[in-house]
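Down below is the structure, laid out as structure tokens.
Letters are used for the chains, namely A, B, C, D and E, taken in the order the chains are written, and counting of residues starts over at 1 for each.
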């Protein structure tokens, strides 16, 4: 059926530049904003922000946020929200810490258990949304409170009264699985580079950056896999369809309920991944972990071009959105701006970045 | 054209109970949840919760939240969000306190000025949303940060370094307009009732409740006016239409942009009203006022039956939603339950209330 | 010299704005180039990243608060390893030394709670309420624990959000549903202390109120006899001294030999009047 | 020929790199029904949307009663006296029939602060206008989203006819209508035309067009193929033009005169 | 008469207190086109939605190939071999034509973890099927929301025809179609019927129904008025039944045989 290429010669199609084609993709919409933010900091920030150590420094929180944002963006494309992500970070963090410290389980057992447990909570979220027909906003909001509260109660139970559970680092340090979920990757390479003077070192000679934090690798990998799933698999098509119009999708044979419940489980697992990584890195967990992360994850997704109403967006957009957000939050500290003005700048930069995105996109695509 | 009543005899309409008719109205959907919560506390809570003093005690924060929720619900019905409400409370509180304390303006000038100023900020929010076509979520989120930050900067400027501006009570105490926006109404009536033993008194003979806090009156009045506007005026029809489908509404001649901008202004004015009331009551303002109130206002609206996607909901629903939320937040303290469980309880009650609402509504309306 | 301060409290927190004022005063006095930074919320993961960012800039001195030693130790140890002089303030007196900080300026939270508890017990309290407006912040847990320890009687913890209207209603509800409560200890003056005073007044009961930290209206209540006392940790000193020490250290290599206890300091009605104005200016 | 109410000169409309209209000229005078015909995707809806203020043309001129004009919103066009039935109907599914019917032009009673939406009058008018079109509604407060396709289309038509002042634009108004309702709409067109309203009527049904049309303009791939007056052209010729000159599929059964 | 593929017995459907179907019996056998006719709001769409798994009937029985069956979702019905063009088309405006075309039944290539949506093949099939129906799409990745009404309807029809296995249900498929596209759809119905597929065809156009229908069932206000075979009934009689027996409006012009 290759004669269908005939349409390329339709006289009703004007010329379209390569740039226009690229910017039309929701995946790349956020790039303009990223460039703007980058330029801003290149001009205003301390030079150390763009050294290797500086970049790793803002990429680490961006990656942690980004892992959540990718889950949130898939769910948002599928037409639902999960406001319990942040609390889920605390809750699965508690579960994981209790499994390792209190119960003394090895990581190979504790980590899968944590994921299964979180996915189950996600499934409960999803099942209630689907069965009741209530908006996911209100259902997951209830879980925002419930999980946060249970984290507090659970912590007190596990520690005998404290809101902080310590000692995770000590018990997992020697576990063979630890390097996959914590610390830095490629430390050998970095040490070598440092010895050869290829990357910066402290006066002591140690490399300023001991390696690539694993969350950055996880973040990049997740963004790639999620993009692939969205654009190149039937499941991706189902996600877009379920979020675009659940009725129409279901009438066309998309298993909307299964899709949505899976997405809730996925989002919960993203929260669990962040919990595992940060608990192992910090060596402790407390009842406030992940506070307001649901909010930031949604922000990153929206900066990245997801529609709150569902059916439109991309994982790669959320990837860039998380980097923009992470860069702005950390970057402002490199600029010497008085902390009092911090929020004004944060808000202003966010607004500028999305307005700029939007203006550029409208310009290239010729929307009226 | 009164022959149109003929249709009442359509053979394709089954009988419908009065209860079913009532519950179909979004205005009344939240009542079932309220009843559930009420029954719960009547059984579990200390008797003092339902004394006059106890009721006033939970109605006061509920009213403050409710004023915001009514603004938020109208805006949500109109298809938009305002995440900057909470920051707006701090910002207009600062403006109001500075106008009275720093500039020494009388209330008759300071209060209208505060409203005008807040409405202007709301209009900026709205204008950016409308002109850029960006989701209001992200635009008002930027203002959440910006206004919060400006409040801090402004406070430090006004006080010479502190984050709390005080002395409002002293300057407004004698203003003839003060009783409209602060303190208690009907104090005379309450004193009389107390004298006749009709309401509880302290040993001193003074009534335990000196009067009806003005915010409760404002709350009730706003709920009534908003309901009237929504259901009985052209503007109400335009709000539903703009939120239901902005394109279709605009194509049918609804001035969608004007409607939405007005709603942003209204929401900002609701925030200003809460700011004025709370600043006068507390006698001071600080940079953290209204923290996360935007969130709670949206929660109350959604409990009250507003759809996040716009085009559906009611002000009376938000009214009940705010009361449900306020009652649950304060109520646990009256029960013997360990306070660590507070958030679990809050989330659980919210979920139960909306599920119950929903189940009752489905049952009476026979939805499949 | 360049000195960076990374603390867990936000610039818009009335308590921390005073710390920041101290920091700024020290900067002006010493001529050092100082910046104050904090995470958006009480978030230990974000805070450790801010410390990393600060270390990357290789300042001549670093001031940190340490509310969670486990979470912050890698970042602080990295600073120490990089040869940056570190002073801890406010939280972390117990771990400061072991992480390599030169000294700590602040109060021991448990001790502060204990002292307050003992004083309130001595004033006749037997049944206490500890109003916690920042659930999950371990320093605040320690205060309640210290309170319970020093108080001797029963202590109930009342967790709240930091919304004054809500706190007022909740304290009122707690008082109404438990007639035996005779003492309220709030963990922050403006968010929890002021509404607690209002709630006690409205209840018409004779209940003692005390609070951590200062605010002008709360001090006024102390003066007026509506509140018993405030526990001051003179956080202005925490910001001022830490920066000053580090500036002197950068210039002359000077450093005191031990921790500086900036508090606790009980402000009762006799002293309250003098500090109201300073509090209103953001110095106490 | 009287002066046209609206004259659209050389209208072009691009969406990004898609060229939907490539120079279309069209007018409508009082008391005539001007049919706009053409294949799917020819640009008919896009064209009438520029006429009713929804789209701004990329280039070209609009003369309203002889004066150059550009509507900045559908509301402007409506106030000038143009009522439109859009192909997508422009209805809000969650709102009641009456509220949709009067959306943007609500009747009021009372004055000053007491001025309010006169729902009773609105309900009566709405039920009556629907009845005239052959639909007996169960209740005026039924949500439009629960109406059948044809019932919904009838609401849109009844609304436009009720508010139509100078020009009435109907984009495939009868596509979802039953036999009885279609006949009502066609006779309604004849009636309002007789009252001096200019009607623009889009249809794929040659018979409907021939029944009520005075002039016929055919669009093809964004351009005008030409305009003919009634009597100058036969059904069969018109049908050929509408199909863009391409051959029709043939059926085993006698489908020749079916469409 | 062969055994029916689907037999619907005495179907009732209530929405709250609204009675949309009040006992309808209907069947379709392999290789026949059974037309479902009736006034606006008669219940046609509601009826075929119960047939394709969207609604659960309030009461009544569904027999599929002789066995009692109840579809719990449209996906079930599809898997049993029923393809439907819904009146509202069931399209997602923000998604591309190809993605809509294959929504729920995406072609894949590769195996195991590498199993993926074969977009190239899908694009080719989609463009080709649309071409067969008389629509030359500009590009298969155009969003459905930017298609014209008729183009969109054609996507829905082409999709159903492509996937239709045993029963093809078409709810007013030609309502927005141009002359050429309509003729294509009618000939497509004739073609698939000849291949042994059972077709359920809803239309308000008597000519279209007569052209392809073997049997005609007329609904009125939620109830069956009766079923007739081809040849047993004339166009005019059928038209009368479809109008629910009520009088048609008359036009000045000769509208008699217009509709």
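In this section, a contact is a pair of C-beta atoms (placed from the backbone, for glycine too) under 8 Å apart; a residue touches a chain by one contact, two chains touch by 3 or more.
Here is each chain with its UniProt name: A, B = Xylose transport system permease protein XylH; D, E = Arabinose import ATP-binding protein AraG.
Quantities reported herein were computed from a predicted structural model and do not represent experimental measurements.
Chains touching both subunit C and subunit D: A, B.
Note on connectivity: the fewest steps through touching chains from subunit B to subunit D is 1.
Seen from the Cα centre of subunit A, the chain whose own Cα centre is farthest off is D.
With each centre defined as the average position of its C-alpha atoms, the distance from subunit A to subunit C rounds to 33 Å.
Measuring from the averaged C-alpha position of subunit A to that of subunit E gives a distance of 43 Å. A straight line joining the Cα centres of subunit C and subunit E is 71 Å long.
Chain contacts: subunit B has residues 12-13, 148, 152, 156, 340, 342 touching two or more partner chains. Shared interface positions of subunit E, defined as residues touching 2 or more other chains, are 15, 18, 88, 138. Across the assembly, subunit C contributes residues 11-12 that each touch 2 or more other chains. Inter-chain contacts occur between A-B, A-C, A-D, A-E, B-C, B-D, B-E, D-E.
Interface residues of subunit D facing subunit B in the complex, by the touch rule stated above, are 52, 54, 73-75, 78-79, 84, 86, 88-95, 99-100, 102-106, 108, 115-117, 119, 123-125, 127-128, 131, 136-139.
Residues of subunit D touching subunit E in their complex: 15, 18, 38-42, 44-45, 87-88, 134-135, 138, 146-151, 154, 172, 175-184, 186-187, 190, 204, 206-208, 210-212, 239, 242-244, 246, 248-255, 257-259.
On the subunit C side of its complex with subunit A, the touching residues are 11-12, 20, 35-38, 40-46, 48-50, 52-54, 56-58, 68-71, 73-74, 81-83, 135-138, 141, 145.
The residues of subunit A lying in touch with subunit E in their complex are 1-4, 6-7, 10, 12-13, 228, 232-234, 236-238, 240-241, 244-245, 247-255, 311-312. Interface of subunit B with subunit A (complex): residues 128, 132-135, 137-139, 141-150, 152-153, 156, 298-299, 302-303, 307-309, 340-348, 350-351, 354-355, 358-359.
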